[in-house]
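Input: structures, listed below.
Next, two complexes with chain A in common: one pairs it with chain B, the other with chain C.
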Partner chain A sequence: MGVQMVQLEHVTKEFDDTNVVDDLNLDIKAGEFLTLLGPSGCGKTTTLRMIAGFEKPTSGKILLNGQQVDEMEPYKREVNTVFQSYSLFPHMNVFDNVAFGLKMKKVGKEEIKERVTKALKLVQLEEYGNRKPKQLSGGQQQRIAIARAIVNNPKVLLLDEPLGALDLKLRKQMQLELKHLQQTLNITFIYVTHDQEEALTMSDRIVVMNKGKIEQIGLPVDIYERPQTRFVADFIGQTNILEGSVTEIEGDMARMEFSGQTIDIPKTNEVTQGEEVYISVRPEKMKVSSTPFDSSINLKATFKEKIYVGSVTKIVVTMSNGKELTINEFPDKIEDFTETSDIYVNWSPNNSVVLKK
Partner chain B sequence: MRPRTKKLLFSFSLLVFLFFYIPILFVVIYSFNDSKLGTVWTGFTLEWYGSLFQNSQLISATMNSLYLAVITTIISTILGTLAALALHRYTFIGKKSVEFLFYIPVVIPDIVVAVALLAIYGILNMSLGLNTAVPGHVAITISYVMLVVLARLSSFDSSLEEAAKDLGANEWKTFWKVTFPLILPGVIAGALLAFTISLDEFVISFFTLGPGDNTLPVLVYSMVRLGVSPEVNVLSTIIIAIMFIVVLVVGLRMRKRGEVK
Partner chain C sequence: MRKNFEKAYLLLSPSLFWLTLFLVIPVLFIAVISFTTNGDFGAIIYEFSTDAYSAAFSSLYAKVIWQSIWWALIATIVCLVVAYPFAYFIANSGKWKNLLLLLVMVPFWTNLLIRLYAWIILMNNQGVINNVLMDWGFIKEPLALMYSPGGVILGLVYGFLPFMILPIYSSIEQLDKTYLEASEDLGAGPVRTFLHVTLPLTFPGILAGFIITFVPAISVFVVTDLFTGGKLLMVGNVIRDAFLVEMNWQLGAALSLLLMILVLLSLMIFMRFTSRKDRKLLV
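== the complex of A and B ==
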């Protein structure tokens, strides 16, 4: 650990005069599980394709294990990719698919057999060597695609939304398997996804991207608990964004005026008096009651609806300014609210994340 | 489907097949006919099968036809496949026009190609021979190969090529290990088309062959002006049999590879 495996320096990629990736700087450590997370079109896949060598950056440098590679052909780079559509060779059986990379490197026959068998065993498909890819289920094809990549002992494994086509249950299972695989093999994983839950589950670090730029880099807990921009707060999980201005700063607390009410907020991000800010509060940090809270935060709102989603129930309330808040409560803790009845919302000031405009 | 519709469709299909195959059946039957006149059935014989192989004119015309078809198929398949790959993979100025130019030979009458070639040979003062028919044959078959291969390529997933390169295969290996095996059914279909078109091509051969050189269609044409000889029936029967076997073998092999469902 600690060694920089992949370095992107001022990498820009232009397509038709728009910067799909815009002046990106990123260092990825050896053995790290790093996720590029963002909505479609944010440049995460293009970034991955530049590391793989399928796209050349318009400007900037890419270093792989200290060596500059941005002009190097993909077949000369010590990285392997797991493609979104798996891209298994349909005319070869599973064994030959997995052996392809080793054959290209002219590895001896015996060694190929040994390493392919080992790789297939690792993905629990050692019995399937003679099958054709289309005789396998989606999940099995996925595992073969992973085996085909890791059999080459790449320095870096690139994964482009590899679980996107699987059903939810299989996806959850594969997430953990991939994470364990990465820890066993100690290979650097660069993982692209638009699924924030997947990113939080698997990653050592997450890079949140938007419009070709990095919004925030951090540990999953940082990204979720301490988003630095409104985009990150909004994109990762569900959140309530409240907009107001700072009226008072006192010690390490501040107060914000918000649609006629004043609430306490933490004094973070060097807010100044009179500044317009957003605060983000997660639905699970909020509480509701039909009676007022004895607290500095006691927002009055009207009940709109409740939505049962299994583990929690979402309560939607309308504030006096017409905007809605969503609060997650455990189903057994919910009072009987009737439509348009008054409802009070409370949260601890420390659970507000202050975001600059 | 309603029973009446079903019956109607069945009889219609039957009529179409009869229309196709009855003349061919007659050719096969009359290749065993004892009569020299070929229009009246007089009895069974294998005599014409023997005499066919004594007929040096027919044999040499057959060899010429096969020679032309093989050369044409090789040239057209290679060039047509390369053209399809270029059109599929690269974007260049005038790509649409180039693609359009490839469609022209499919719709242009053979007679135009024949006359044009003859005119060029005249200008260049070239003497006509067997090989002077090759450019014409290639010109009319290359587009078919290109179109068939291009159709195959359009369903080709180019991320497979990326996967091959990702796994260490250079351009050359990627083509031979991944791209080519996957477009091969299209290449074979294109080659078969080129071969058949060249084999029974008449107009261009008639115009551009040298005086002493005959292909099968040209020879048969000159023979039938004096009445269809039983040997022509025998020859047709053999060709039908060969083509039948070729199509059958290719079809079975493709089914085995899972290409035809």
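== the complex of A and C ==
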């Protein structure tokens, strides 16, 4: 497997007596597309800024390509950043913006011209060298910001919510372009976002952060299908969380008592009898019917409403304990439910993810 | 569209009236007077004459005008060199910012005349500075701190330094700090970040400071009056003397107009190099 490109060892950052980043340990491999994902204030941007050098960790070590850098000034580090606001220099044209890093490294004029042209070509804006950043659209400015960073051949490219200001369609397109760019250049990308869909689309690995700590590290499919904590299950996509206690364990299966009903759950995470647990079931894994299911999972609830969102219809039901569940169904498969009519909810036990309290 | 313009003029009419009455008409008076004939005891004889302009462009007055431009220019440059680091320091001084800005403004609460008197006590031949230097044996003769162009420039710098600090401060304050981070990120250390990013991006502030320092510096007469006892002259002194001492209103008016044109020219240079947004720094 690849070399470790960035290593964070027990990194802590304090601001005003609160640990914004709390004892973080993380190894990032060379050539990896790694995403730091979490809600605002979770410490993801601070982590990125410590790797860039704009913040110094209160304690802990940061290694870049095996060399300790946590006290090194940002201008000496072989990393480049794509800023959220792009931060293109307004007094320079596009060419000079992209050439800035090379000029600072005293690269020869001919080589600068060649490399800048190549970088602009890579982001498909080679015709725009003479324009001022102001004269470009948001998406174009975004590409210039990327060109300005990658032209320096950084060991690691840091991206701080770079697509946040773009509209949805352009954002989707840029997600794929960035992913392809990363594969072509084979540079390590560390990407910060609060958008879980963006993280799932682009990343090799995702680090889910909350309150300065890592909740889970894993492949996108792990994060989505096998969340390890309630926070991850809740934050990534939509889910239904059910709370109950384990009543019996039998071979591969366990049973949980939930709101007066007993349901089968997979026997994962080493649950023990009598333990209070959560289970998380994705809306698209659930089915509804007006007639009871012939299955061990057959929750009785009342129909509340259905919401058409295009590709699916969301059905919201109220359980006997007053909590709501959301189920996604294809619009053409839905029976006619009337308000307050009885409705039965079913899913395969394997689609429940058991989360310890 | 047309209707909107009419409404706009209606709304503007009080200020337009004000400007016409107290700015446009007086300037027109001055322009007219500058082309009349000088009579006995300062009488204005309404006969066309360009005598005032011949006098104004004569070597005597031309020398004073050039001298004024030159001194005001040097004083403005000294102000810039002193003000930029200071403004930079204030803008980055965190919670002390407001206190430091207050200190910059405090001198405005006292009349320049009175503050210049205070300087005389310091700079006199028997003043504090000369006495201390002589007591310590650094110099044998008192330095001619006053009665010299150097003294005038010092007075101008002292008087107008805040005018330079404030617009520069404001442009540094408004500078988006992520540009500096971007520069560092791209491999520029503090010095090169300053030269390539901070300085060009705060240039409008420098230009604004330059104008609002240069304009009063070139026309002030109290500094030369107090620091040189009227031995050295700036154009402000000459204008005042023409009106009040020589009773030659035509010459005073002509010199005033020339000064105004000079100031307008420097404003035009400012407009040429700045965008609409940057011009707010002047106000």
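For the reader, a short list of remarks on this structure follows.
Keep in mind that, in the parts below, the second predicted complex is superposed on the first by the 356 of 357 C-alpha atoms of A that agree within 3 Å, B and C clash if a C-alpha of one lies under 4 Å from a C-alpha of the other, contacts with A are read in each partner's own complex, and residues count from 1 in each chain.
The criterion applied here is as follows: contacts are C-beta pairs under 8 Å (C-beta built on N, C-alpha and C of every residue); 3 or more make two chains touch, one makes a residue touch a chain.
Predicted model, so just to flag it, every value in this text is computed and none were measured.
When both complexes are superposed on chain A, chain B and chain C clash. Of the two partner chains, neither chain B nor chain C is touched by A:K169. By the touch criterion defined above, A:K357 lies against neither chain B nor chain C after alignment on the C-alpha atoms of chain A. Contact with both chain B and chain C is seen for A:R148 once the two complexes are overlaid on the shared chain. Overlap of the chain B and chain C interfaces on chain A: residues 52-54, 73-75, 79-81, 83, 85, 87-91, 100-101, 104-105, 148-149, 152. Considering their complex, residues 52-54, 73-76, 79-81, 83, 85, 87-91, 100-101, 104-105, 148-149, 152 of chain A touch chain C. Within the complex formed with chain A, the chain C residues making contact are 176, 178-179, 181-189, 192-193, 196-197, 200-201.
Residues 157, 159-160, 162-170, 173-174, 177-178, 181-182, 257-258 of chain B touch chain A in their complex.
Chain A makes touch with chain B in their complex at residues 52-54, 73-75, 79-81, 83, 85, 87-91, 100-101, 104-105, 132, 134, 148-149, 152.
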